[in-house]
């Protein structure tokens, strides 16, 4: 029951540090006889990897994933699937500057306080580099969901807000998401975001963001009352992503502005099947999927890797200042899109296997 | 690994239906030699129980908790503590009206779809009545935390928004919270809320709310990377409460409006100890407590138990309408305050036992 | 993840002390729509309860089990099933004699050392009274297995050895087991055992025993490599029963006397289906059921509740002596038969739900 | 909660197939600041690896383990420790003969039935090759125990019986164990075993064995009632080892031949400390360690990899025969010694971290 594991039936355990030899994960609970190869996972990793556009970190990592076990002659065997990515970008950077200083807003101080030792190179275990393995596990999760529900299942994540600039939901186009550097569903806001993020980078600061995840094709019945509710498990999975500070389902915090009368999702029969007239509850009632689209939104704080100098302390408990140099993302929310998708996928895969 | 259980070391399992013989829970992982009796738990249950004010359900339940095991001569023994509350209010109500109809916005349709059978009396297992046992478990959790950290540990929850009406944070007074029917920390907004909620009750509708939880006295170091982060586990615990649709830590969704420069919590040394100049991150960095106050906010949707008629379907997949009669809360957010406090307490107790 | 719980999908948590108000358990993971009532469980409890014959403890307990939740209109709902048995026999016995003395061979010293407090009345939590709830949970487990495999599934336990007196396997008759006070399958040995156990009681000593469990009707495929193997989980479940000191599968320790050639279970085809020519491996290969009968044997040590005086120490670490008075079993192996059956049933139910 | 994982706090997950690219494991729950390097683990792997003597498989594997994460500058960081061993001996053997045939006594038929697919090369996931990673994890576990109990803690395993030939316990010498190919503590029986095992190899058959594990230095208090008892968890851990068919604690099955009077472990005070006059219970009472040596014995069946032809069936459910060629162990019990030690170590490490 590793704290580096998540999931009950479909579950995975990640390991590795930002600048160690490699990162990896072990995915277990995958049914046998599902076709699977490296490429099925690589396509998702390519979405997340740094250096893809000028808006993300320029760190160079091929992030080439290799399946080491659990697949035989192209099919899963029902046994643990071990994945590994060798770390390439371990350039002999001089870490002496941050070795003994806690970067504010990062996990440096808390890790050091808890463990009394820390791998200071690039954040070590607390680095968002760990999320690469979540994305790989998410690729397997999608295969599992497809295998179980055999319908037009689809997970789509989009960036819906950067700083104070929100998309117009009327402009949402799924197809456009893959066609821009922001995973943004609204073409009309792209210019504004380009300007905003370029400005932030020049000023040596960073921007927060909101991501919306939508899952289509999940049948009614996923989720286990009362603590392993589908929304509880999604909340945990999403909140565990680096820099995430909030999660909401359906109307979320906005539902507080509604009345009980307007917020109810009424039901009718259409083509002999139950349908809902609205989806204020984001496809989950009583912790169980309704069969509607599952809607989750989460926010990512403006990253603390900023160029301007900030007050902090060091391991000798002396006051000092630090500014972070180097190859950081001005808006980590962009690369959080494929990670959020992955955590939604792994959570849904787990509940598919529990129920179906 | 029951889905009706939560927690790894400090853990509890609840059971029981709204109108069954009793509800109860089994709390395990409690260290031995902690003084404990029924009254230690009853005081929290009394805060949550219905019929306390005109603003909550008029259902009459004494909610008298009894400890059945795990305590010997006034002290915990290290063995499972079994708690029970006998259900009193099982009046022979006629359920024929809702027996075959799915109340929209409730778990009726999803439970029926998943299980093929449901205890329709008062929502059965999906009823918020289950949260009474969370509150009782939370009482034990507080004892455990006190036992482990032996400092001026305190959990305080307050209602900070009803509908569109927010408190003024400058008026926050901890002492006032226990002195009003809303668990509101801002005396000046009480009148407005009284009017608002009375109006909603008369109109047969309901209101959503936002609750803020604050925990003072938690040392640095609680939380387990990377999936059992303190914020991940808090998010799961809080999201599992009935009607909750969103959770945020520290600045939460508002942090998106900040820049990386303003959102960082800088550090200094004061009296030879590390201090933070701000607490935008809500006392958690990298999933581990910083030693600052832990700040969590969550929203509760406007309840779906409303008097006006709504479109729905029945178990024969025929269209129909329903309006809910009876003794419901116009704003479930009020009674969600002690429940939220309890889930924060149980999560913190679990991480105390993992770390300290 | 309570240490008072067992099972991954079908799981249960027990609570309660020998002389507390009640004992109970919460069974979760039970599929919905299985017919279930108190009587389905009572019949197994009646087999285990004390005072049934002159060969078991004369303590008087009705052991009347009551279902408090999870069953609605005669069927399981998919929600936790809470079971309770009120303790009747709490006669105001004077415990002053054993209050501060560790009974040798019992858990008194280890519980006191670990917890610093102990409920000394009848052994408290360490009492075999806890096994009543295992038997009740086992009754539910059998219902679950029947529900999943819908074949002529059957668990049969028999006492095969008391002290040095073994049954003749050629005389094994399933029908006879329920017709004698020993749950013995061999009618011809009964006289010998009667004499043996009467002698032991008179001499104030006790006897060890070996129990054999057989399960017929389990299909091929149950068990999860490599740590949740069916035999691993059976070993854990059985070894957790009070006084058990050994567990073996199939030929067990006797297989050491065989050669690889004679110990192999060869396969043939019969009626178009795979059959094994022998069952040396007890129905489990590589941790997975073969479809043959599952055979488990376990031993129960001679109970330490004996009338003759033994050297021991007290809580002040002073040397003293103790002899146990009262209503104890001269051979706890007898009542261990229904308990062993129950643990086999709960383990198989768990693996049925994982696989089928 | 992978079925390829074991342990609650100290836990590990293994992956990999006999003839895949690599095998590995992820060990989590290890406290920070423990000195650790590859060599600490390699010494245990060298004891287990094949080709060490003429009495074990002649397969050539260097079994060189590499630590990929969780260790920084020579010390553990509190994060997952990933271990890997590249498989060397993947010679392009022709598997066509066993590809479609179930080797009797092996997991071939059960794996194929359960998963519908199997990696037939060397047994795939069911191969005892997986135990190499248990041994590596056991090396870390010993470090953890030493770190927690800081006493003269020692785990010693010895082969005490091959076929019908038992050691004389009076001849037990710990020092001799490492000096012979059998891990045998009794020098006088070596000749007999040499002859026995050579004969078995020539006859194309194999022999069963019994291994005894002793752990010195464990304090009173390890083990969690009532299901995670120390003996329950040891039984599960040991029974999960390939070919193991029985486990016993202390006197085990022999205790059945004792009377309650003779089997009790009486207590006295010596040098102001509690001592036991005997250790019939193998250092565990009520599931909790007594502070005495912990004694576990387990048996390993005569391996089914034998040269003589045996009746079996193939994947088309046709009858056929098979004899196993190649590099197998005439007595797998020998190499089971370090594996048993490792599983004892990991179980004890887990309970150390739960309690100390």
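Each chain carries a letter (A, B, C and D) given by its place in the written order, and its residues are counted from 1.
Just so we're on the same page, a residue touches a chain if its C-beta (ideal position, glycine included) is under 8 Å from a C-beta of that chain, and two chains touch if they have at least 3 such contacts.
Computed from a predicted structure; not experimentally measured.
Copies chain B and chain C of the same chain sequence form an interface built mainly from equivalent positions, shared numbers / all numbers used being over half.
If you compare A-D with B-D, the chain pair joined by more contacting C-beta pairs is A-D. If you average the CA atoms of chain B and of chain D, the two centres end up 46 Å from each other.
Chain A and chain D have Cα centroids separated by 39 Å. Of all residues in chain C, those that touch two or more other chains are 1, 3-5, 8, 14, 79, 114, 125, 225. Against chain C, the residues of chain B that register as touching in their complex are 1-5, 7-9, 11, 13-17, 20-24, 26, 28-29, 32-33, 68-70, 72, 75, 77-82, 114-119, 124-125.
Of all residues in chain A, only 1, 3-6, 8, 14, 102, 104-107, 109-111, 113-114, 125-126, 130, 161, 163-164, 200, 204-210, 220-221, 223-229, 231-240, 242, 245-253, 255-261, 263-269, 272-274, 277, 280-282, 285-291, 299-306, 308, 310-313, 317-319, 355 touch chain B in the complex they form.
On the chain B side of its complex with chain D, the touching residues are 1, 79, 225.
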